[in-house]
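Two complexes come next, and they have one chain in common, chain A, joined by chain B in the first and chain C in the second.
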Partner chain A sequence: MTEAVQNVSQPQIEVQNLNLWYGEKQALKNVSMQISRNSVTALIGPSGCGKSTFIRCLNRMNDLIKNCRIEGKILIEGKDIYGPDVDVVELRKKVGMVFQKPNPFPMSIYDNVAYGPRIHGVNKKDLNGIVEQALRSAAIWEETSDRLKSSALSLSGGQQQRLCIARTLAVKPRIILFDEPTSALDPISTARIEDLIMNLKKDYTIVIVTHNMQQAARISDYTGFFLSGELIEFDQTRQIFHNPQEKSTEDYITGRFG
Partner chain B sequence: MVRERYLEQLDLLKESVLSFGEMVKLIFRDSMTSVIDLDIELARKTLALEPEADRLEEEIEASIFDLLALQQPMASDLRLVVSTLKITADLRRIVGLSINIAKIPGRIEGGHVKPLIDTKKMADIAGFMLENSLKAFETQDVELAKAAAARDEEVDKLFYAVWVELIEMMAKDTSIISRATNLLFLIRYLERIADHCCNMCESVVYLATAERVKLN
Partner chain C sequence: MGLNSNANEKIAFSLLTLATLIVTGFVLVILAYILLNGYGAISIEFLTQMPNRMMTAGGIFPAIVGTIALIIGSMLVALPLGVMAAIYLNEYAGESRTTWLIEMAINNLAGTPSVVFGLFGLALFVKYFDFGPSILSASLTLALLILPIIIRASEEALLTVPNEYRESSLALGVSKWQTIRYVVLPAAIPGIVTGSVLSIGRVAGETAPILFTGAAYFLPRLPDSIYSQFMALPYHLFVLATAGTNISETRSIQYGTALVLLIIVLGVNLVAVVIRRHYRNKLKI
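For the complex of A and B:
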């Protein structure tokens, strides 16, 4: 790991010696990582390497899985998110997530975006502004502003995914986790989401799991390579794709295995 | 092992550059022999090799563009493809300069104005640099690349010495200006060939270490 990565000043996310087991099977082995504010961090690695498991630890999605046991610490803005006094709903408000398959609620475009703010008790009079702002930030306002009452399910796959991003933005998270957000989308929708992610990093910290190495190379500032539950290499993306230090990283990104 | 076809293409690319390199060495060596011996026949044969060199260069470039567009090479593969593109361009320039050298015998009548001792030294060093920059590329040997490039300084010194000598000779005897000017061009071409070898050595260092260095 280079100095540049070790010396991330005041990391927004700090993972210390994270171990995770599903029953007897250890899925993450002693993973440590620091993620700085307003950066895009891509996590790559072959299927089953632990990258999705890892990203799900960052907003405690693994809590929902039976027999899942975690050791180690994850500090977000200095606070241990596995601490006893943590409100998981508040945590997930702060750490939003966008999934592989667009999953809009079966309701109108407007209500999809307004859903989070409503349950968090936002005033009705503020809602219109929040919805518009979120749709604009997710680069889908132009396409939806005249049909906010239409069903979200009438949108195309790429539009649905941007709507899901808008839905995430509406609750004003600090960090957004993307779990393979474009693997179900066509190249044009993919390019739009990639542009969007690069724009969003002005205001958010982004962690993205992707199988698309070119995507990781294009949009991220830092890249972590996982293999068999271990974080093999974590460095600036430029460094990883020009001159990785570990042979297994090199072999993976050049297609020698995986 | 996955991407076997891709790996074959990378191997093939490297081999093509090395065989292009063999051809460039031959063209350079024969062009120098033709000028030292004023051997018009050898010069003619050397000039006839240029189209084949063009063809090889185009072939290598096409396979590089294919690899970039279709395979998106990464990490050391990317460095191989990029350095290969640059090395091929340097080799092609060396062919161009050697062709210029092979044109000189046809322009010189009545023998050289002086024995080509230092000029031959320059050619020997440039030949050594060419040979070893290609070897360094083949084996990704950074030390060999640096050692080859380091000899550029000797070439530069000889260039300057011969330059001064020729200017002085022309000042004394204007009847040799035409023949001496051809020799001035010759040493300039040799000096440029050595520079292109340095470029190739820099590409080898980048290939092996991802570091961009200046070696001349």
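For the complex of A and C:
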């Protein structure tokens, strides 16, 4: 929170001509995109189109992959996150991520949520408040408040995923990336997560990768369609689904391939 | 070929069962043999007294003390070193030629005969570092001997920790080392403990490496520092059985010594099972 005044008109995330290679294989081709504050942006496209690769650039999770090379710029709140003076650890505090498979740590429910704040040096006496707040925001407080000490692995899949969201919220990020967060969940759990994401929009900027086009249509303000590493079309979700400009976008959303 | 699959199944099943029975049978026979022969020798005096009358009577207390000192000494060195090396190899070192060479070196170290370790310990610790024949020299030599076992076991344990734990911790803005310290290592501890216990068995049982580095034929008193020579159970057993003053008269003492050695190793295994179960329960539900 270095900048005292946030320029509201400025996009929070600005991607400029992003290219990415895994070894010889180019996985992203000249992708540019602007994402504004407190919006939900959905990224859709067939498997292997580069949407997950793209989202993992935004918090530099691709750094973990060998032979991954990146060109272009990603500005988050005006700062190039691939710049030389960027602390990746600080970046990831600001840009949280929820993964495809619910993956709570093998610890208690409480410890899962307290994990991030604890390591970031939050006072012991403030911890209870943070944990409760995060669990409430992730809509799982009611189900867990009486058993915070039990193992997170005793929760159902949908509950585990909401716990993972709470774990991410506890670090107080400003952007949350969701990488197919409901693909391992049943329809009821999925609906709960979708409601949750729409609520979170008030306080966070959200980017979500999804295989489920109905999901993109239901919850997002903007949608980007990826194909073979290229961002084919990026517009308001309404536009994309009702009046796509590109033939391939139309083919994909009408289910002709993918 | 002419047999139907049912008959084949029966033959395979009988052969496999037979093999299992033979193996189990041998273990049970050895255990029973040592237990029956050594049981009579065991007494409070045997466990707490010094040997006397030229080692044909009295107890094996100094050998028990020596073996326990070796276990503690070698584990103090090998466990942190081995676990740290495993963390480096598994979490930090990428796949490169150097890593491959290190892994090869560790594999070769694991296959080196223990007597070679003994000679090496003699040259390096006893002579070059001038620790003399001592608990220190012997513990360091044994530590080298078990390092590959501990590194291997720790690497295996780290490999079984799901990558999702690492990713989701890093995604929370937690540094790599903190991720290892607070998520990866706790999840790997049961595996690390299991591997380390196997190596304790080695430490307790090895004779060759301590032969050159500090084990004494007989000592009239307990070691008073890590620079003292010591007696140890396996070497004491060897001495009694091959070079003692009266080999046939000390037969029951020999089996008693073997039994005590066995009990120490089994006892340590039991402790490891308890630790492992404790951590497993903590990790699961």
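To be clear about the criterion, the second predicted complex is superposed on the first by the 250 of 258 C-alpha atoms of A that agree within 3 Å, B and C clash if a C-alpha of one lies under 4 Å from a C-alpha of the other, contacts with A are read in each partner's own complex, and residues count from 1 in each chain.
Keep this in mind: a contact is a pair of C-beta atoms (placed from the backbone, for glycine too) under 8 Å apart; a residue touches a chain by one contact, two chains touch by 3 or more.
The structure displayed is predicted, hence computed values, not measured ones.
Annotation: superposed three-chain arrangement on chain A; chain B versus chain C shows no clash, the two fitting side by side.
With both structures placed on the common chain, the touch criterion links A:74 to neither chain B nor chain C. By the touch criterion defined above, A:209 lies against neither chain B nor chain C after alignment on the C-alpha atoms of chain A. By the touch criterion defined above, A:217 lies against chain B but remains apart from chain C after alignment on the C-alpha atoms of chain A.
Of the two partner chains placed by superposition, only chain B is touched by A:244; chain C is not. Residue contacts after overlaying the shared chain place A:256 against chain B, while chain C stays out of touching range.
Residue contacts after overlaying the shared chain place A:231 against neither chain B nor chain C.
More chain A residues lie in contact with C than with the other chain of the pair chain B and chain C.
Geometry note, superposition on chain A: angle between chain B and chain C about the Cα centre of chain A is 140 degrees, to the nearest 10. When the two structures are aligned on their common chain, the gap between the nearest CA atoms of chain B and chain C comes to 34 Å.
Shared contact residues of chain A with chain B and chain C: none. Listing the residues of chain A that touch chain C in their complex gives 59, 61, 64, 66, 89-94, 96-97, 99, 101, 103, 105-106, 115-116, 119-120, 150-151, 153-154, 164, 167-168, 171. Those residues of chain B that touch chain A in the complex are listed here as 1-3, 6-7, 72-79, 209-210.
Residues of chain C that touch chain A in their complex: 94-95, 162, 164-165, 167-175, 178, 182-183, 186-187, 283-285. Contact residues of chain A toward chain B in the complex are 213-214, 217, 240-244, 249-250, 253-258.
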